[in-house]
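Each chain gets a letter, A, B, C, D, E and F, in the order it is written, and its residues are counted from 1.
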Amino acid sequence: MKTPYRERLPDVPAPPSFPRDPAGSTSTRAEVVSYSDERRARGRRTLAAITGTAGAEVVEKLRDIAPDLADWILDFSYGDVLSRPGLDFRTRQLATIAALTALGNAQPQLKVHVEGALKVGCRPQEIIEVILQMAVFAGFPAALNGLATAREVFTASGR
Amino acid sequence: MKTPYRERLPDVPAPPSFPRDPAGSTSTRAEVVSYSDERRARGRRTLAAITGTAGAEVVEKLRDIAPDLADWILDFSYGDVLSRPGLDFRTRQLATIAALTALGNAQPQLKVHVEGALKVGCRPQEIIEVILQMAVFAGFPAALNGLATAREVFTASGR
Amino acid sequence: MKTPYRERLPDVPAPPSFPRDPAGSTSTRAEVVSYSDERRARGRRTLAAITGTAGAEVVEKLRDIAPDLADWILDFSYGDVLSRPGLDFRTRQLATIAALTALGNAQPQLKVHVEGALKVGCRPQEIIEVILQMAVFAGFPAALNGLATAREVFTASGR
Amino acid sequence: MKTPYRERLPDVPAPPSFPRDPAGSTSTRAEVVSYSDERRARGRRTLAAITGTAGAEVVEKLRDIAPDLADWILDFSYGDVLSRPGLDFRTRQLATIAALTALGNAQPQLKVHVEGALKVGCRPQEIIEVILQMAVFAGFPAALNGLATAREVFTASGR
Amino acid sequence: MKTPYRERLPDVPAPPSFPRDPAGSTSTRAEVVSYSDERRARGRRTLAAITGTAGAEVVEKLRDIAPDLADWILDFSYGDVLSRPGLDFRTRQLATIAALTALGNAQPQLKVHVEGALKVGCRPQEIIEVILQMAVFAGFPAALNGLATAREVFTASGR
Amino acid sequence: MKTPYRERLPDVPAPPSFPRDPAGSTSTRAEVVSYSDERRARGRRTLAAITGTAGAEVVEKLRDIAPDLADWILDFSYGDVLSRPGLDFRTRQLATIAALTALGNAQPQLKVHVEGALKVGCRPQEIIEVILQMAVFAGFPAALNGLATAREVFTASGR
């Protein structure tokens, strides 16, 4: 196994001191316990940071039909991925908006992530810029439909 | 919160006695420790059951550039999702083949999962049936390209 | 022309005695007559088996604008493809649900096929399993939107 | 059932005198026999008209692994759909090129249909126009990749 | 640089005498001025020719949130691309309908372009033919959903 | 017409003093002349800033088959869109990488834009972060295939 990439990139922010990999050779039992609890807590914190109470509501609504999907959103999507160091929340939200606009088949999630982008400090114009850019990469219908979703969010939030 | 869906469906195989949700209120420290280790181990077992040594090689190749993606494949994709009770490996592989054939933009993964389908006991004709069915749902090009990938696997494995 | 694949796979269920290929060299006039009528009848039977009266209504609504599309659904989609031996109705419906969830742009058809899956005997939890699995292969938005459609069907059918 | 749409549109070319719907109430046994044979023959003629010998080779290569898919291509895709009156071959090929360029995941089929477009009399510039137009509707990457495929065909055919 | 393709194809309609490329070596200042004004005017004319007043309304609604996108639609989509010589408006609209039906994630734009197709002289049956053809290339759900959108337009316009 | 959005957002960087809209009521002939030339020049500068000489080569290769597409890439994609104020090059490249990874059908363009991201100062780890994030929004196959493309670029550039 080669040296992990991030070790060869000293300018990348160091991962938090809390171990992210529970199976690492230096893990002790106590650390692993903390890992699982921390993962859930980190997921909840990240979900709240990005979506306020809205995301938690979406997650809780899944409890009746697919409780494990609710957990995966907390633990994996927000706990493992979206909370990672190496990229700030604002850039992450803009990347998500780019992808969902380009895919064009996930309007409910685009709405949540436009709201999230505003919440973590993106300006409306930055969100618009990313959506407009998708006219080049995914075509004008994608950009128009993405913009319609963004407009709904901006209007609802009084921007 | 309503009663979880699976509790209202008594004919669904019970989840394994090992707790899947580390944050459940009855978890003890010892269980949580086991949870993390077991999750990784379950991921490795499932990956091996479906892909033999091929999947592990793909995962290990990620270690230099994206070690956490390697972990997520083990822990989340195989440990959390593909190892779930409630659906047998054969049906899961056929569902994956259906999806990847329909999407049509993930030939390397389709190849791995056709191999995996054979490994868990799907007959070639069953795999072909699923791919042909995609002609109805995703069009003939999707079916033709999925079939070309399946043929490669069948030929390489002497079927 | 090489030997057809299924002949080299003796464990595949034999095709029904009724000839599926009207242009085969041994076809007689009488068989061909039966072929066309049987194809339509087989399509209707399969449509009814999977969708009850709902599918037939969808098909009949097409008669004003695209009567041939109505026929193709009966004759090709259900008569030629979905009625094929080699894979049971339950697995076929789960494969369709996987594909439509992954594509994410065909909610009306996903609804019909979730209903169909219930009708041919899939348990709700099996349908949920397939949709959850799509989180791995097509992303969380695809799984969330597929689940929302499944929930509508389950609620409407009192499950 | 309402009056079929095409009957309310007297300027649409009448369907050929040969009946396309074998299950129509006025069908006689002899007509139905002719229907099935004619369908296959119409498929072969249309495939040859659009693809020359190349399409037939693709179809025959399917005989070992999926003989029924080979039949469906002849009978359904070319016999039922692409041979329909109401739209000339040139427009049909340009529509196919538009769709496959926009989808962007079916380069082998795009190649076949660019060749087919040339065969039925489309000028290279018309093909290029359709592909360029996809920059608007599906983005520049789709147009660039479609154009690369078209260029291959033009070069191979000495255009 | 090789000779531009269109020069080797003498049967392609010559581009209009007005220069489309403002940076060409023979451009004078006066021509360049005309170019920019003409581009906008050509975009407006083409938008009106295809969409009547509906398209202009869509464009104007963008002025508050993304005025540059409004300009790009006029100048690039309609002024540069859809107004090009080499393919008539009817074929261009049918190609757009093919692409949007196949993509399946842009119903508002499909609606506009079905209306546009009628406006530039396509018969309803031609539009239907293109949509039906997508059953082959993008699957039955795409064709069914495209047809539902076309039906809405036909009904609203009294066809 | 409402007040343009950006005017209500005083913290957005002002557009450059050079007028972007040639049809504005205050344009003079001289400004418009400059507009067209500047647009092309701005496109070339932006293309060079992001892609070095590689992008210009791609554009020039289009001159034989589709010279207008080459111009559109310079004038529209890079001159109008990617050079816009309101979002820095680094964020724009990461958004493009997100979209192309999620779409999964444009590997050549993803390669160009990973190279471009490095050229405008993105760190490899930031590019990897965006691609990994797509596992959540577009599935693991999309992330794996995007990562394979990024790895190629990193290896070729000695990173």
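The criterion applied here is as follows: a contact is a pair of C-beta atoms (placed from the backbone, for glycine too) under 8 Å apart; a residue touches a chain by one contact, two chains touch by 3 or more.
None of the values given here were measured: they were computed from a predicted structure.
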Set of chains whose contacts include both chain D and chain A: B, C, E, F
Same or different contact residues where chain E meets its copy chain B, judged by the half mark: same
When chain C is superposed on chain D by its C-alpha atoms, the rotation angle in degrees, nearest 5: 180
Distance from chain D to chain B - Cα centre to Cα centre, in angstrom: 36
Whole-Å separation of chain centres (CA-atom averages), chain E against chain F: 24
Two or more partner chains touched - positions in chain B: 5, 65-66, 68, 72, 76-77, 81, 84, 100, 102-106, 109, 128, 132, 134-138, 140-142
Interfacial residue positions of chain F with respect to chain E in the complex: 1-5, 20-23, 29, 32-33, 35-37, 40, 60, 63-68, 71-72, 76, 80-81, 84
Residue ranges of chain D in contact with chain B within the complex: 62, 65-66, 68-69, 72-73, 77, 100, 103-106, 108-109
Chain E - residues contacting chain C, complex: 103-105, 128, 131-132, 135, 140-145, 147-148, 150-151, 154
Of chain D, residues touching chain E in the complex: 5-6, 9, 11-12, 76-77, 81-82, 84, 86-87, 91-92, 94-103, 106, 109, 123-126, 128-130, 132-138
Chain F partner contacts - residues on chain C that touch it in the complex: 102, 134-142
